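Pasting the structures here.
In the two complexes below, subunit A is the common chain; its partner is subunit B in one and subunit C in the other.
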Partner chain A sequence: MKRYLLKKLLIYILTFFFAATINWAIPRFMPGNPIHFLISRFATLPESAKVLQSYFTQAFGLDRPLIEQYINFWKAFSKGDLGISIYLYPQPVLKVILRSLPYTILLLLPAIIVSFIIGNKFGAFVARKKRLDNIALPIFYTLTAAPYFWFGILLAWLFGVVLKIFPIAGAYSFAMTPSFSWRFVSNYLYHWILPFSSLVLVMLGGWAIGMRNMIIYELEANYSRYMEALGASSKLIRRYAYRNAILPQVTGLAIQLGTAVAGTLTTEIVFSYPGIGYILMQGILNQDYFLIQGCFLFIILGVLIANFIVDILYLIIDPRIRKSYTGEV
Partner chain B sequence: MRKWLVVVVALIAVALFAEVFERNKTVYIGGSLWAPPSNWNPFTPWNAVAGTIGLVYETLFLYDPLQGRFEPWLAESGEWINSNTFRVILRKNLTWQDGKPLTIDDVIFTFELGKKFSGINYSPIWNWLDRIEKVDGTTIDFIFSDPRYQEWGQQLISIAIVPKHVWEGKSETDILQGANEKPLGSGCYYVESWADDRNVFRKNVNWWGTKVLGLNPAPERVVVLRVLSNNVAVGMLMKGELDWSNFFLPGIPVLQKSYGIHTWYKEPPYMLPANTTGIFLNVRKYPLSIVEFRRAMAYAIDPNKIVDRAFEKMVTSSNPVGIMPIAGWMKYYPNEVAEKYGFKYDPEKAKAILDELGFKDVNKDGLREDPQGKAFKLTIECPYGWTDWMVSIQSIAEDLRKVGINVEPAYPDASKYNDDLYGGKFDIILNNYVTGVSSTIWSYFNAVFYPDAVESEYSYSGNFGKYHNPEVETLLDELNRTQSTDEAKMKKLIAQISEILLKDLPFIPLWYNGAWFQASGDVWSNWPDVNNPYAWPIGWGGHWQLGGVKVLFNIKAK
Partner chain C sequence: MSLKEFIYFFLRNKKVITALCILGFLTIISIFGPLLTPYSPIEFVGMPYQSPNKQHWLGTNTFGQDLFTQTVYGLRSSLLVGLLGGGLATVVGLIVGFMAGYKGGWFDEFLMMLTNILMVIPTLALLIIIAAYLPYRGVFIQSVIIGLTAWPWTARAVRAQTLSLKTREFVDLARITATKPLKIIFYEIMPNMMSYVFMVFILQFGGAILAATGLDFIGLGPTRGTSLGIMLQQATLWNAIQLGMWWWAITPGALITLIVATLYIMNTGLDEVFNPRLREM
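Coming up: the complex of A and B.
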C-alpha cells in the first residue's frame, strides 16, 4: 500500500519536472517574438516603438541567455511566482489564472460530473434494452460527433435569439456588479444554464456509448456466462459487469477533470463566457511565454492530481491492484 | 421562529445590495476589448482598456479626422509663436477627478517624465524638444531644438496628461509596470468596476467640461464588453443588448434593413475608412527588386474583386497613392502626379510590361520564367485565421498568376507573421498596422518609407520591404518639419513623395479597411452618420481622442 503510493508519487514528481521543462521550452522555440505582438497592438510613432521594444525585452528578461531564463523560471516557481503576463500586461499570471479559473471550474466540473453519472447510468441501461438501444445509440453518436461550435451556436440562436428564453453572452448580466445576493446568484445561474446544458448534452453521448459497449462486452465475458450457468440472478451479473465496466470510464473521468482548466474554449467563444480557455488560446497566439507556462502548469498539475486520486480510487474499486501491492493472493 | 426572521431580514438586506444599471442610462460598447481588463495605465496605452485615454485621462488636443482639424481640449489654444516655439495656453478651472485643480505644472510634469525616464514611449521627443518654459500660470512654451511639426501634432493628441500629485515620486518601474487599477484622471468618466468580460466606466458628475465647455455626457455608465465572437455580437445587437459596436460584422445590408442597425452610410461601403491596406514588397528579393516588375504587379491586381468577395462592399478600393479619403488628408491629394504615374487594374498592361522585361513563359506551364529562363516562386502572407485577409491574398495570388507571376498564399501563425513582417523576412506581405488614420498625412508616408527600416533588424514603423532611397528620406524629414499652415509646401512635398511611391512601388495600396461601426437604436438615438457627422464613431484604443468621446455628448436616450 505504502510502497504503491510512494512509487506513484515519485513517478508523478518526475513527470511534473519533465512536463514543466517541455512546457517552458516549447513556446520559446516557436518562431516569433512576444514583444512584436505587444508592439503590433500599438500603432505609434517610429521612435516610440524602438523604446518600447528595448524596454520590454529587458523588463521580461528576454535578452538573457536561455539557460538563465530557465533557471530563473524554476527559481520564481519555487516562490510561487509564475511571472507577469505579456498579453495581459502587467497582471501576474497567477492572478490572471485565479481570476478566470472559477468561471471555468464552476461550468465544467458540474458538467463533467453530471454527464458522467447520467451517461454511465444511461449507457448501462440501454445496453440491455435492444429497442431503446436502437433509438438512443444514433442520438448519442450524433451528439458526440456534432461539431460543438455549430451545436452551441444553434442552441444560443434557438434559446437566446429566437425564443428569447436564455441570455446569449456573459457569465451574468452586463448590467450588474457581482455581489452576494439572490438577485446576482440567480442571474449567474440563469446565464449558466445554456452553456452548461450544451456541455452536458455533448459529453453525455461519449460516456453513454463507452459504457454501453463495455457492458455488452462484460456481459459476454466468461465470468458472466459462468455466473449465469451457476444460476446467479441477472441483476447480480449486471452489478459485477458494471463494476468492471466503470474502471476505464473512471480513468477517462480523471483525464477530463484534469484538463478541465483549459476545457471550455469553444463554450467561451460561442457564449462569450469568461474563463481560462480563451485566455490560454490568446496567450498561445500572442506567444505570451509566461501565461502559456502558467496555464499549462495548472493543466499538468490538474491531470497529475486527478490521476493520483484515481490511483487511490483504484485501490478501493479494483481489488487486483490492492492485492498486487499488499501481497494478498 | 425568531431565528428565521433574522435570516429573512438578512437575505433581504443582502438582496438589496445588488445594483442593476438602469438600461436607458447605460451605453454598451463592443469591439474594443479583446482581453480581460488588466491595465488602466496611460503609460502603457497598447494594453490599457480602451477609453483609459479619452474617457479617464485626457490629452491637450483632440483631432477630428472628419473635419481635418485639431480641437483644443485641456488646452484652450496652442500655436507656433515662432518657428521653434509652440505655446500652449491651458484652460482655466480644470480639475482632476479627486477635486484637485489641474494646473500647468501637471502638464510640465507629464512631458518631463519622458525626459527623466527613457522607457516611456514618448521619451524620444526630448531628442528634438529642448525645454519647456512656464510663461505664466496657464501658459507654457515648448522650445524645440529641431521642430518636427507633424510628429508633434500627433504627440499632442496622444500624450495623456497625468496628475503630478499621484505620479510624482514613482520610479520608472512603478510607472511602466503598474496596472494602475484605480486610475485618476481629469476625464468625464472614471473606472467604477471591472470583471473578466467587462469594464464599467461611471460618469464623473464634477467633470470640468460640463462647466467650462457646456458638454454633458449622456450615459451614466459606459460598459465596455468583451464579446468573443461575431455571431454573439450580431445577436446582441439584434436583441438591443449592444448599443455601439465596432466589430467587423458580415451581412450589414440585412442587419440594416431588417433590424434597423445604424451605420455611417446607408449604402455601400457603409463604413468610414480606418487605414490603408496594401502589400509591402521585399525589394531586396529578386525579381521583386526590379522596379518594373513591381509595376506590373500593381497593374495585375484587381482590388475591386477583394472589395466584393472578402468585404461584401463594406470597404472601398484605394486610390493609387493610398491616401485615405479623410478631409485633412485629401486636400493634399496630388492629382497630377496620380494621373501621370498612377496605375489601375489592367492585366494586359501587366503582361506587356513583363514581356518587355523578358519574363516569358518558356516551358509553357502558364507561369513566366525570368529572363535567364529560370522559374521563380513568390509567397504572399497574412496571418492564419484572419478570414477576410485570407480571402484577399487568395484573390491577389490568383490575379498575379493570371498574368504569369507565380505567387502562392501562405498563412503562418500570427506570431510568425509578425516576426516575418517586422524582420523583413517575406516576399510579399499584406499589412495595415501603421497606415491608420492620424492627425498627419506624414504618418502614412512614413509608414510606407520609414527610412530606419533599412538598417535595423526589426522595423516596427513601416517600410517593411526595406526600400532604400536617400531622396525620399530627405523629403520625409522635410515634410515632418513643415508646418501644416504652409499648405503650398505640404502639397509640393507630398506630390514629390507620391511620385516616388508611384514610380518605385515598395508598397502597393489596395483598399481602405473599414472603421467598423454599427449602432442599435433601441435605447440610444442620434448616432453620428454621414448626414449628422458630429464625431468619428470609433471606441478602439487611441480613437477616443479622434472624436469617439464626442459620441457620448450627443447620443440621446429614448
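Coming up: the complex of A and C.
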C-alpha cells in the first residue's frame, strides 16, 4: 500500500517539476521577446517604459545564462516568490492568488462531488430502462457537449435576466466585505448558486453517460447472468453491478479533474467571480506574465493534490489494489 | 467486417445518418457561408441591438455587426480547428501509442511516463500559457497547439490495444517472416484498429472544438478573423446578457453544443455499426 502511494507521489512530484519547467521555458523559447512585447504597451509613456524595461530584465534575470536563470527560478520558487503582479502592482503574485483561491475551491470542489454522485446515480437508473434511456441519453450528450461557460451564460440569462431570481455577477454584493457573519454567508451562497449549478449540470452529463455504459456492460457480464439464473432479485444484481461500475468512474474522476479546472476558469469569467480563473483572465488581458505563470503553477498544484486524493480514495474502494500491494492475495 | 457489411449497417443506423446529415449541412454552410450573406463579419452594417429579424437573421450586436455573418464565418474556423487539431492529436496519439505498445521495454516506460505527466496537466492551463506568449495567433497555430496537447489519452488507449493485438497469431506470423516492425504496425495491427481510430478521431474533433472555444473565450483566440468562441467572448465582454441580448450570447454556444453533441451521438452510432453486440435486431 505504501509502495503504491509512494510510486504515485513520485509521479506527481515529477509532473510538477515538468510543468514548472514548461512554465519557465515557454516565455523564453517563444518567438518574440515578452519584454519588448510588454514595453510596447507602455510606449506612450517613455519614462515608465524605461523603468519597466529595467524592472523586467532584472525580474526575469534575462541577462544571465539560461542555466542560471533556471536555477534562480527554483530558488525564488522555494521561497514562495512568484514575482510581482504588473496589473495589481505592487502586490506579490502569491498574495493575489491566495486571496482568490478560496473562491475557486469552494466552487469547484462541491460541484465535482455533487455532479459525481448525482450523475452516477442517474446514469445507473437510466440504464436498461429503454424508454427513459431514449429520452435521457440525448440530454446527457447535450450537457457534456456544451462548453461549461456557455451553460453559465444560459443560466445567467434565464434566472438572472428573464426571471430575475439570482444575481449574475460577483461572489457577493458590492456593498459587503467578506466576513463570517450570517448576512455575508447567505449573500455569498445566493451568488454562488448559479455558477455552481452550471458546473454541476455540465459535469453531470459525462458521469451519467459513463455510468450508463458501464452498467449495461456489467449487467451483461457472466456474473450477472449467473446471479439471474440463480434467481437473485434484479435489485441485488444491480447493486453488484453498481459496485463494479463505480471503480472505473473513480479513475475517470482523476482524469476529469483537469477538464473541471477549465470549466471553473471560464465559468468564473462569465459570472465575474473573483477566483483564479477571473484573476487569470485579468492577467491575460493585461499581459501580466507573472500573474499568468503563478496561476498556472497553482492550478497544476491543485490538480495534482486532487489527483493524489483520488488515488487514496481508489485504494480504499478497490480491494484489488489494496491487496496486490500488501501481498494479501 | 467486409465493406459491404459495413455499408449495410452504416446506412441502417439512425444515429449515424442523423449525425451525418447535421454535420453535412453545417459543413456546407461553413463552406458556402460567404455567398449566403452580403456583409463581412467585421463590417458595421445596421442598427445595433437588433433582435433576430428579416434583414439580420440572427440579429446585430452592440456595434451593429451582422451576427449571422459572424456565425457563418465563425463556424468555418471552428470546424477547421476541429479537423486540424483533432487530426493532429489523433496522429500523434497513434504514433506514440503504437511505438510504446509495440516496442515495449524502457522505451515504453519512458513514453508512458511522458504521457501520464501530460495527462495530469490541465490542457487548458497549458494552452493558456502557450497562447499567451504567442505574439501572433492564427487558426492554424491554435490547431497545432491544441493537437500537440490533446493526444495523451489516445496514446494510452492505442497502446493498450496494440499490446493485445501484438500477441495474436497473424502478427507472430509476420514477425517470423522477418517483416519490419514499421510494416507490421501499418499492415497488420493498424487495419484491425481502423474502426477504433476513426472513433478516436471523432472524439478528438469535438474535443479540439471545445478547447478552441475555451481559448477564444478567454481572449486567446486567433488575433484576426472571427470564431464562435470569439463571438461568445465579445458578448460577455460587452455584457450582452445583462442587456438582455440573448441572441448574441446564446446562438454561437448553441451551435457549438450542437456540433459536439452530434459528434458524440455519431460516435455511439458508429460503435453500434462496428460492434455487433451493441446492435439492436
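The rule is short, and it goes like this: the second predicted complex is superposed on the first by the 270 of 329 C-alpha atoms of A that agree within 3 Å, B and C clash if a C-alpha of one lies under 4 Å from a C-alpha of the other, contacts with A are read in each partner's own complex, and residues count from 1 in each chain.
Convention: a residue touches a chain if its C-beta (ideal position, glycine included) is under 8 Å from a C-beta of that chain, and two chains touch if they have at least 3 such contacts.
No experiment lies behind these values; they were computed from the predicted model shown.
Put subunit B and subunit C next to each other and count what each touches on subunit A; the higher total goes to B.
Once chain A of one complex is fitted onto chain A of the other, the partner contacts of A:14 are limited to subunit C, with no touch recorded for subunit B. Legend: residue contacts after superposition of the two complexes on their common chain; A:285 is shown touching both subunit B and subunit C. After overlaying the two complexes on the shared chain, residue contacts for A:269 are found with subunit B and with subunit C alike. When both complexes are overlaid on chain A, the residue A:300 reaches subunit C alone and has no touch with subunit B. In the superposed model, A:184 lies in contact with subunit B only, and not with subunit C.
Once chain A of one complex is fitted onto chain A of the other, the partner contacts of A:22 are limited to subunit C, with no touch recorded for subunit B.
Residue contacts after overlaying the shared chain place A:88 against subunit B, while subunit C stays out of touching range. When the two complexes are overlaid on their common chain A, residue A:120 makes contact with neither subunit B nor subunit C. Of the two partner chains placed around the shared chain by superposition, subunit B and subunit C are both touched by A:31. In the superposition on chain A, the residues of subunit A contacted by subunit B and by subunit C overlap at 30-32, 34, 37, 153, 156-157, 160-161, 168-169, 269-270, 285, 287. Across the complex, subunit A is touched by residues 11, 14-21, 23, 26, 28, 34-36, 38-39, 41, 44-47, 118-124, 127, 151, 154-155, 158, 176-179, 192-193, 195-198, 200, 223, 225-229, 231-232, 235-236, 238-239, 241, 412-416, 418-419, 422, 433-434, 436, 443, 446, 450, 452, 458, 460-462, 542 of subunit B. By the touch criterion given at the top, residues 30-34, 36-53, 55, 59, 84-85, 87-91, 96, 99-100, 103, 153, 156-157, 160-161, 164, 168-171, 173-184, 268-275, 278-279, 282, 285-287 of subunit A touch subunit B in their complex. Taken together, the subunit C residues at the contact with subunit A in this complex read 113, 116-117, 119-126, 128-130, 132-135, 153, 206, 210, 213-214, 217-220, 229, 232, 235-236, 241-242, 244, 246, 249-250, 253-254, 256-261, 263-265. Listed in rising order, the residues of subunit A touching subunit C in the complex are 11-12, 14-15, 18-19, 22-23, 26-27, 30-32, 34, 37, 138, 141-142, 144-147, 149-150, 153-154, 156-157, 160-161, 168-169, 255, 257-259, 261-262, 265-266, 269-270, 280-281, 284-285, 287, 289, 292-293, 295-296, 299-300, 303-304, 307.
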